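Each chain carries a letter (A, B, C, D and E) given by its place in the written order, and its residues are counted from 1.
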Amino acid sequence: MEILGLYNYWVFGALLMIGFFALIARQNLVKKLLGLSIFQSAVFLLYISLAKVEGGTAPIILDPTAAEIFSNPLPQVLILTAIVVGISTTALGLAIVVRIREAYDTIEDDEIRRLDRRS
Amino acid sequence: MYIVASLAIVMTMCLALTRALLGPTVYDRVLAVNMFGTKTVLLLAVVAFLNGRTDFLDLALAYALINFIGVLAVLVFFQSSRERAAGKPGEQR
Amino acid sequence: MAIVLDALSWAMLVGGALFVLIGGIGALRMPDFFTRMHASSLTDSLGPMLVLGGLALQSGWSLETVKVLAILLFLLITGPTATYALGHAASVAGLKGGTREYRASDPREPRA
Amino acid sequence: MIVVFSLFLLSLLVVTAIAIVRSENLFSAVMLSGIFSLLMALNFFILDAADVALTEAAVGAGVSTVLLLGALALTPTEERRRKRERKVAATLVTVTMIFLAISYASFDQPRIGDPDAPVHRHVAPWYLEQTPELIDIPNVVTAVLGSFRGYDTLGEVYVVLTAGIGVLFLLSAGRPGLLPHRREPRIESSLKSHLIPHVVGRVLIPFIVLFGLYVQFHGEYGPGGGFQAGAIIAAGIILFALLEGEGAALKVLPPRVLVGLAIGGALLYLLVGVACMLLGGNFLDYSVLAADPVTGQQIGIILIELGVGLAVTGTLLSIFHAFAAREQ
Amino acid sequence: MSLEAHIPALPVIVPLLAAPIAAYLRPRHLAWAAATLASIASFAIAVLLALATRDGSIHRYAMGGWPAPFGIELAIDSLGALVLLIITGASTLAIIAGRETIERDIEPHRQPLFYAAWLMVVAGLAGIAITGDAFNVFVFMEISSLATYVVIAAGSDRQALTAVFKYLIMGTIGATFYLIGVGFVYMMTGTLNFADMQARLADIPYVAPVHLAAAFIIVGLALKAAVFPLHAWLPNAYAHAPHAVTAFIAACSTKVTILVLLRFDFVVFMGNIAEHATQFALFVMPLALLGILFGSGVAIFETNVKRLLGYSSIAQLGYILLGASFVDRAGLLASVLHIFNHALAKGALFLAIVALGHHLTRFEIRDLHGIGRRMPWTLGAFSIAALSLVGVPGTAGFISKWYLIVAAFGQGSLGLVLVGVIVASSLMAVVYLWRILEPAWFAAADPVAAGAADDKRVGEAPVGVLAVVLLAAALNVWFGLVPAFPLELAGHAADELLRHVP
């Protein structure tokens, strides 16, 4: 069953590209930030799919003696950090969008570029 | 036995998602989000029992709480932006 | 005794799953917003009651039961409140429910 | 059986992502991104990552939806429809090319879940064996997060602090103070009239904050920890702000206290590290904090998790209030 | 407790300690003082570290006391020490020189936050320079990027906001690409430590994911370092940021990313992927050459002085990559040396702009007409830095251009073409710098165009700022005449990078 083992990587690729598309093709700045958060969520999915072990459970060892299979804790730690990085970037991006809205009265990328060129 | 319940819940989440995608008005989408959140809580509880790792139930409680706050936040912000857009004299800031 | 408990919890689980599914279908098939909300919010309380009740029976007298019942209590408090707030907001915003809409146009397609 | 679920939920993810990109109304896009985060959290839970599922739910579904809404309240909520989308064709070509490259490379990669992939062979077994001996706490993820890779988490707290400082800096331009006290809160007017959510909300807030503290100090034994607790407590106080209006919320936690919380949390983390240096160990080596190294590690992890919780709570609340205060 | 043993960890801890304190201090002069003190302290530590790594030794420091592959390990080699020196030096000079302009541009209640964000940039960049762990680089890259967005957005005009938003989008895409690359390498090797990664990457059966990882990492870091085709965010970000911020960032922020690119490519990939050396050369050399010609070419036609220097930075970055793409000791030596010398030259140029900023609001070339008569010392320093940028003998720029040309000759027949490009772009540099200097010195000053209120108010810059600007110019000349110190560090850095290349 080839597909079962690799489906996560394809979904990772798909989400990465959906986010990347939104970042490049969409003009609305808030939509770009949503695309950015999808783009970053794809990476979280990649790391957590690496951590999965067949028949394993979350790495919480209630009694060390029991021979249990656990999933890999390291990617989960990395992703805990990356999630909070993602939301920090989104929060800062939103603050900049709010300031751009007050300065340019629009949050469409092409209109802003036209206003810049004219001034 | 848990399989049946979790299958049904996943099906409902799929239906809720289609409602969220189709929903003509914003309130339909809020309804879909609310349904989705409750079903996630249920699915979490059932899967926790399915895997036998029942110490993850407080995750389900966190989801329920976050979902409630999310729905209320959407209503409040949507209401205030409608008021601002409509420029009702009553609540004019 | 255990078999009775298992059978009962199995019945509650399947019943809960059924109601949840009905709620989902209702939310999708109903013609306009308020009827959709009616369908989904009702099952939002009944479904968890049955499903979580079934789970509580499964785990007998233990910490898990307390946790499951805590989740159930929380869902029963917040579910209806969220639905009320949603319904109130929708009606304040002027979303028309009711039967008047279907007289003229095709019953399945609401005018709103 | 669970594998079928994971395939199904992953495809739902892709559907939701496409819906977010395609939707014109930004409000519905924000709500769909709320669903997207919940789906992400579910996928993490099915892939046996309980801590990450809790973080994604608390941070992704809860706080980021509120922040997006706060920003949307200040910006137009409808994406402008264009006659012809520019650069769509070119982007689609590059996008499909990169996607094919990733899928092509995936055939050489280890299958999901196969136990003898290099990832599970090298560093992970050491963590799983050594945590019961060296740190003796059940949750290995918190042990790795707090102690083995504590320097990463220190960097993480400072990322959150930088975001908080940045948002406060940007949104306090042209205003009297950092978080100017609002004369008459905007949000209060809209929820005051809702009696039932108002009462229910007020009843629930203490339990939410209590649950946040439970998650904070339960981090060693089950899924939980500083980030999740900070997000949950911040969500609880944001609920209070929604019900009572930010004016009341700012009276409960005035701006100086919020900024102080954020800075105090980050400094607490750093000073624990510096204390370890002064007591003779390396930076962030908690075993020198107490006579017996294992208790030292546990004291260290509890302290830094507290620092993380304070920093995240203070920062998320100041960001929320900064957006709300920008309303005038 | 001997502090000396903990020196490797201090360059990050000091700014991290000072940043929250600076944010909380209400009086803004105190916040500035805290930021300056922290900057000076970390500069002193950087000097100590540079002296310690002068003999080519690598100082390792296990964070949290855990051994290397399991815990995070700091590995400070001469390359890291050199870049650390640039970061802390540029930050100290820029923050001392920039106080008045920051005081004028930013409202008082926001300045403590500004200085806190400034210190976060220093801490983030220092964290990247000294860490030996791939994921740790990502975390500190995020700290420095977020803080850089904040300090650039402090610019007075509204175009700073759009420039910062574009920088945020492209910077986050770059950082996420880097994270994907690290994820793929972690998938194949199971470790995140550079040295450990290098050891384990040799015996992996599958090749496709490693190529993909190399592609993601190179593209991601090229995006963050504004390498030629992906440089769109740099000119606007430099042009619209506050002058002091541009002086600091222009000197060091892109160079730190180049350090990570060199470290990843030469240490981790070069030894393990078959003929990665030729791949690296074939991929990077054309980009570097195009970058040099494009950067210098556009700079000639640019009217805004700061954006002009931004395009010249892209060209100089091309030099650094050109040297690295030779994949031999001479090339790498020239490349690392140019990291140091370009930081000196570009830093001095922007510091002079900070001094000019006291009396000029706009920085079109027209505004600099006849400024030489009113601010002779500042423009003198500007001219010396310009000479160093061009690479006139006796200045720091000449040393690295000279070593680059020697390395280029080492490339055989291709060398002639390379030397031709280097000389051509140096001539272009003369052209675009002369376009600024000639009217500045000799043209008649028309106060209306210069936006200066009236003649008598426009005097020399304040003494403190002038001292810093002259010191920067003097450094250019000093390291032009006595290049022993950076040469030695660059030599050891080149040896360290090439140690793993077959």
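Simple rule for what comes next: a contact is a pair of C-beta atoms (placed from the backbone, for glycine too) under 8 Å apart; a residue touches a chain by one contact, two chains touch by 3 or more.
Just so it is clear, the model here is predicted, and its values are computed rather than measured.
Among the remaining chains, those touching subunit B and also subunit D are A, C. Common neighbours of subunit A and subunit D, by the contact definition above: B, E. The interface carrying the most C-beta pairs in contact is the one between chains A-D. When chain centres are set by their Cα atoms, the one at the greatest distance from subunit A is C. Subunit D and subunit E have centres, each the mean of its CA atoms, that are 31 Å apart. Distance between subunit A and subunit E, defined via averaged C-alpha coordinates, is recorded as 28 Å.
Mean C-alpha position of subunit C lies 59 Å from that of subunit E.
Chain contacts: subunit B has residues 13-14, 30, 32, 51, 53, 55-56, 58, 61, 65, 67-68, 72, 78-79 touching two or more partner chains. In subunit A, the positions touching at least two other chains are 16, 20, 50, 57-58, 60, 62, 74-75, 78, 81, 85, 88-89, 92, 96-97, 99. Shared interface positions of subunit D, i.e. residues touching 2 or more other chains, are given as 30, 50, 70, 72, 102, 107, 109, 117, 119-120, 123-124, 127, 149, 152, 155-156, 159, 162-163, 166, 170, 173, 197, 201, 204, 222-223.
A complete list of chain pairs in contact reads A-B, A-D, A-E, B-C, B-D, C-D, D-E. Looking at the complex, you find that subunit D touches subunit B at residues 1-2, 5, 8-9, 12, 15-16, 19, 25, 27-28, 30-32, 34-35, 38, 41-42, 45-46, 50, 53-54, 57-58, 61-62, 65-66, 69-70, 72-73, 77, 184, 186-187, 189-191, 197, 201, 204, 208, 211, 214-215, 218, 222-224, 228, 232, 235-236, 238-239, 242, 327-328. For subunit B in complex with subunit C, the residues that touch the partner chain are 1-2, 4-5, 7-9, 11-16, 18-19, 24-25, 27-28, 30-32, 34-35, 38-39, 41-42, 45-46, 49, 54, 57-58, 60-61, 64-65, 67-68, 71-72, 75, 78-79, 82.
The touching residues of subunit E, counted against subunit A in their complex, run 135, 138-139, 142, 146, 149-150, 153, 158-159, 161-162, 164-165, 168-169, 172-173, 176, 179-180, 183, 186-187, 192.
Interface residues of subunit C facing subunit D in the complex, by the touch rule stated above, are 77-78, 81-82, 84-85, 88. Of all residues in subunit D, those touching subunit A in their complex are 3, 6-7, 10-11, 13-14, 17-18, 20-21, 26, 29-30, 33, 36-37, 40, 43-44, 47-52, 55-56, 59-60, 63-64, 67-68, 70-72, 74-76, 79-80, 82, 85-88, 91-92, 95-96, 98-99, 102-103, 106-107, 109, 111-115, 117, 119-120, 123-124, 127-128, 131-132, 138-141, 143-145, 149, 152-153, 155-156, 159-160, 162-163, 166-167, 170-171, 173, 221-223, 225, 227, 312, 319, 322-323, 326.
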